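Each structure below is given as structure tokens.
The same chain A turns up in both complexes below, where it pairs with chain B and then with chain C.
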Partner chain A sequence: MGAFSLITDTERRVPRVVVVGLASCFGCQLQITNAEQYLMQILGQIDLQYWQLVTSEDMPDQYDVAIIEGAVTTRESEETCKAVRAKAAHVMAIGACATTAGVTGMAMPGLDGRIAEVYGDGLPDASGEFIAPRPVSAVIPVDSEVRCCPIDPLDFVAMLQRALFGSNRSLDTRTLCSDCKRNETECFYNSGTLCLGLVTRAGCGARCVNLGRPCNGCAGLSPDANLDAARAACDTYGVSRADFDKALEMFNQVNPVLAESGDE
Partner chain B sequence: MLYRVMDKRELPALVRAFMESYEVVAPVKRGSGYIFDVIGSPEEIELDYTQTASSPKKYLMPPTETLMKFDANMNLVEDFIEQVTPRVIFGVHTCDINALNRLDVALIGGKYVDPYYQARRDATIVVGISCVPNENCFCHLWGADEAQFGYDLFLHDIGDKYLVSMSNVEATNILEAACELSEATDEDRIAFRQATRVRQSAFNKDIPDVQDVAMLMDVFHSDPFWEELGKKCLSCSACASVCPTCFCFDIRDVLTPDGKTGERQRTWDACTNPGFAMVTGGHNFRPTGRERVRHRMYHKLNGFFVNHDRMLCVGCGRCVTACKTGINPIEVLRFFKRKGADHAK
Partner chain C sequence: MRAAINVDHIARIEGHGNVHVVIEDNAVKTVQMEVVEPARLFESMVRGRSFTEVSYISSRICGICSASHTITDLLAIERIFGVQVTDRVNALRELLVYGSYLQNHGTHLFVLAAPDFLGQKSVFPVEQIAPELFDNALALKQLGNELCTAVGGRSIHPITAVVGGFTHEIGPSEYLAFAERMEAMLPFALETVDLFNSFPVPDMQSNGDVLAMYAPDKYAVCDSRIAKFIDADVAFDADDWTDYVEEYKVAHSGALFARVRSTGRPYMTSALARINLSWPLLCKQAKVAAAKAGLRPPERNPFRNNVAQAVELVDALERCIILCRRLAADEFEGASTPAKFEVRAGRGVGYTEAPRGVVLHELELDDDGRVVHASIVTPTSQNVAVIEDDMRQLAELLLAEGADEPAIKLEVEKLVRAYDPCLSCSVH
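Moving on, here comes the complex of A and B:
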């Protein structure tokens, strides 16, 4: 597992890559095509054996890098992840659904009732056996992640290269605010407006804030997120704690940290 | 210091003269605040600005810069110094001039000179402007309320005129060619003295003036205060991003999408980033907010001082605004003040 064995493998052959889609809108797979300017160059570095978005064929038996989009929401997709892990030297999760369970995680409260509400008695076999939504990393060890909803195509390219060639770039876990300071954009809290940058993992460069929108947390909670301090900051700046916690549910519903630290 | 008096109405002429041969950056309005940005005309400048969101540091040590380029096809490494733009930073407060002097000490004052910083510093003219402190300013506590050096021109506001300190020939030549200067009169001297009094008395007296701060940092190194302060840290490093003297960086290689060429980049890093003190093998020397916040304050208020005889904090007050949970050097001073009160009991 990991980049090391992969690098030695690539001395013998071009890395074989598969792209797998689980519960998601498939938008992150589509985002890859938005790197169209570079697609031929990227394809020149890999042997793309399977891309679920563009084929009805079955997955090949052997591959080196597996890219997984989407959340794990069924027993079948859980098995898929395990099978992929057993074969791939490197597993990459892409997009909010695969890295945080994302929007599918919002189905968590009262999940059983929701399924009956949508499907009644006629749950199709093709739906599979539902389980609580979870990120890929909750099922198998993941070697790398490309975060956000949707992913940035060039973030994906950079992470793929990291898998192929290794990288000396450290992955930061700090939260977003320092990026806003670099960009010299105005902090939403100064005008009493909720923004999830206080606790959300940096890496996107605060692009929503650059476009005048508060962070909605699609990169997921930083492992170093300080929820208590962020809620205290909400108090200081006249932002409702309840609104803050509610907003966090969109991309962090199944994050155990959120469940543990629930604000009374 | 050589000084002359200049009528304020001449200011646009001075700026335009600089614009002929330099890129001029100056404080401009952005949203409800101010930033340093490239100007297109002197009218954009807001010289009455209180404080910019971030400091002029970004022009000498950009958030991300290229150190070298490499090409695997050609097996080539190309040393790289970005084409340096000759630049005037116009309207810099004393705190930020003193901050540049501290960056000079750290980056070009030692045995190993940072050529990237040096190239930009050499190509930069700094024009200072006097200011009146806002409620978060505490530059006077660290002796950063006066700029003894580190600028090329300094404009002291004395009503409808500036008393201009001149410390660089090139900038002085431009000034003299663009503006009518006069010798200071007794009236000008009195006006300058009055301005310094107004400024001195305008500092927020609720910010404690504490003796021996560097030593106190050592003495109270293990106090529970650091746990309290560290517990509030959001691990965002907003403080370091706005700080005019934070100079820590990370270096990384970035490939182009074809995987064959790329560049080595330097990017701002900060000791408040959770992974900053992580080493190979996974051990993190400063795993929690307590260690990280304390370390940052130590470098600002102790470590740099004992090595270079001046605080690394210049009291600009930016972190006071930037930190959403109230972690800043003023809180450290208040802690020391409380300790003094404890002792008196």
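Moving on, here comes the complex of A and C:
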């Protein structure tokens, strides 16, 4: 992820920003509006040119930063990503769908059967040409990511600052367990309860665990994740390996690491 | 006039939709609302998943109605397992649903709908032209977000709501602080009713039926199982929904359409539908505000859904103030910690009134509590057919008045927005 700074551009213009939505629940776009108290300050730093959810301006020809929400599930979305990449100096993927294919990726195994299950004899024309769900980074290079389902509005603000002004700080790759240790929260495994914090990327502060629910892995697998060690830990604490692998599908279904390390 | 009015990716709605109106020889020839939202196939995704995961997955159908999808799923599962939750759990669920009403209606009215009536392309210029309105609008929306965060653990996609109860709860002083903030917000909500009532809208009556949750003694949003079609005059238990609602596929929509099975008519479900059915059961200030705005049943002008949502903002605040005070005083029986239950197989339908209307989740579980079959009906998928019907009527009305093409286009867009469609919800 290259830091980039439009501030140092010779043209010194206010960065022109577009927001694009693919297959999603629109929740991460809503989370941007949920940064209410900072919304006008953010808008003061950028030239917001297109955002279908919030304004009726048309998509412009030229822009500097593109924020993409949602998974790529159609040929049309794939083309949209490529067109955006050709124009934007910086592409930011926001939310689990855009960064890991998220819950949308769960439709991946046996896709055709699923379409028949929901729509009978085939998808309506309006649905476009369906392809296997994938994150934006599987189609085009992505410069920055805001993880989790949904994104935290303030995480988005921080990442946008990074995109606009640059940063030399390296991004977190730890697993969530390190957050729970710092929070001094009781580990779910002590009560034999499955939790995906063992292998999930940290950064959310362990929001779910702090509220009494195990991690569902919405930030996606950490690059440091040791899946074999995690499965061994499941054995130790009386948690089923099969359940662990099944739970991982929710936000990591299309991650190639899972396909390689399948337990069965 | 001869015209083809096309709006690709209608702005300021949740999801992707196009509108096509073809006019030939001064007559409306065809009207289409294309729902081009990519299919995500949720009903197939939850198959094989444990009941512990289902509400967590289906909440992702929709960012803004996530609380409704979560609770609807929990109700379906609890019906199968025979779980009885405490009064306190019911109160918390109601608070969470009303929190999402504040979020949804606040976002829709001010961020999505109001710019049309203020002659703006977005809400942002409102900061300059009406700073007080802008600040209050964002504060109201923020209050909804904070309430959902306090009860559900996060502004969208709740964490704490599980089968049988909640995994976490805030303390009495926090409930009281919310009650005070909501009291302080009431005057602005009342102004919002007046504001939206002051915006001129076309005079039309939808030909569709109306569907909403029915309870004899309460403006119910998540604690009745009975839905009622007003014109067809039929009430049914959510378990029997397929006997009364017919879903059907059309080529130009990724969302299945819906109609009343007995009459074949399209129908509306929304804040306006609820007010048509349960007007006498609104809270006091909400009812006075509605009466002052001339919003009384029967009110079938779909543009009046904006005023209906504003009335529900008042109603939601009044109800949440009482709920928060009673939760703080521990007046509801029982605890909120999840009830114990036994997993068993069966079929159950959960039903709530999402901010945009009726949402139904039908689930079949096996002996291990894994999903065998799921069927999900969202408010907007039910509304698309009546939106098309209303669009035709509106275009004909405007043609007869001699309106030009840009005027027809704008009014059609405003009509679609008045329904507050959630197309990402509708194509689940």
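The rule is simple: the second predicted complex is superposed on the first by the 249 of 264 C-alpha atoms of A that agree within 3 Å, B and C clash if a C-alpha of one lies under 4 Å from a C-alpha of the other, contacts with A are read in each partner's own complex, and residues count from 1 in each chain.
What we mean here is this: a residue touches a chain if its C-beta (ideal position, glycine included) is under 8 Å from a C-beta of that chain, and two chains touch if they have at least 3 such contacts.
Just so it is clear, the model here is predicted, and its values are computed rather than measured.
S.K.: Evaluate whether chain B and chain C can sit on chain A together after superposition, giving fit or clash.
M.R.: By the criteria stated at the top, chain C and chain B fit after superposition, with no clash.
S.K.: With the two structures laid over each other on chain A, which partner does A:53 touch: chain B (first), chain C (second), both, or neither?
M.R.: second
S.K.: For A:150, using the defined touch cut-off, is the partner it touches chain B, chain C, both, or neither? Pick first, second, both or neither.
M.R.: Second partner only.
S.K.: Contacts for A:259 in the overlay, against chain B (first) and chain C (second): which applies, first, second, both or neither?
M.R.: Neither partner.
S.K.: Which partner does A:242 reach: the first (chain B), the second (chain C), both, or neither?
M.R.: A:242 contacts neither chain B nor chain C.
S.K.: Between chain B (first) and chain C (second), which, if any, makes contact with A:190: first, second, both or neither?
M.R.: The answer is first: A:190 touches chain B but not chain C.
S.K.: Now for A:132: first (chain B), second (chain C), both, or neither, which partner does it touch?
M.R.: neither
S.K.: With the two structures placed on a shared chain A, what shortest C-alpha distance in Å links chain B and chain C?
M.R.: 14
S.K.: Overlap of the chain B and chain C footprints on chain A, residue-wise?
M.R.: none
S.K.: Can you name the residues of chain A that touch chain B in the complex?
M.R.: 35, 38, 41-42, 44-45, 154, 157-158, 161, 164-165, 167-182, 184-187, 189-190, 197-199, 202, 222-226, 228-230, 232-233, 236-237
S.K.: Given the complex with chain A, which residues does chain C contribute to the contact?
M.R.: It comes out as residues 9, 11-16, 34-41, 43-45, 47, 49-50, 53, 56-57, 60-64, 66, 107, 111-112, 115, 121-124, 127, 138-139, 141-142, 145, 153-157, 159-160, 162, 167-168, 249-254, 422, 424-425, 427.
S.K.: Using the touch definition up top, name the residues of chain A that touch chain C in the complex.
M.R.: 21-31, 33-34, 36-37, 39-40, 43, 48, 51-57, 73-74, 77, 102-104, 106-107, 113-115, 117-120, 123-128, 130, 149-150, 153, 207-208, 211-213, 216, 243, 246-247, 250
S.K.: Which positions of chain B touch chain A when the two form their complex?
M.R.: Answer in residue numbers: 30-33, 35, 53-54, 63, 231-238, 240-242, 250-255, 257-259, 268, 270, 272-275, 278, 289, 322, 324-326.
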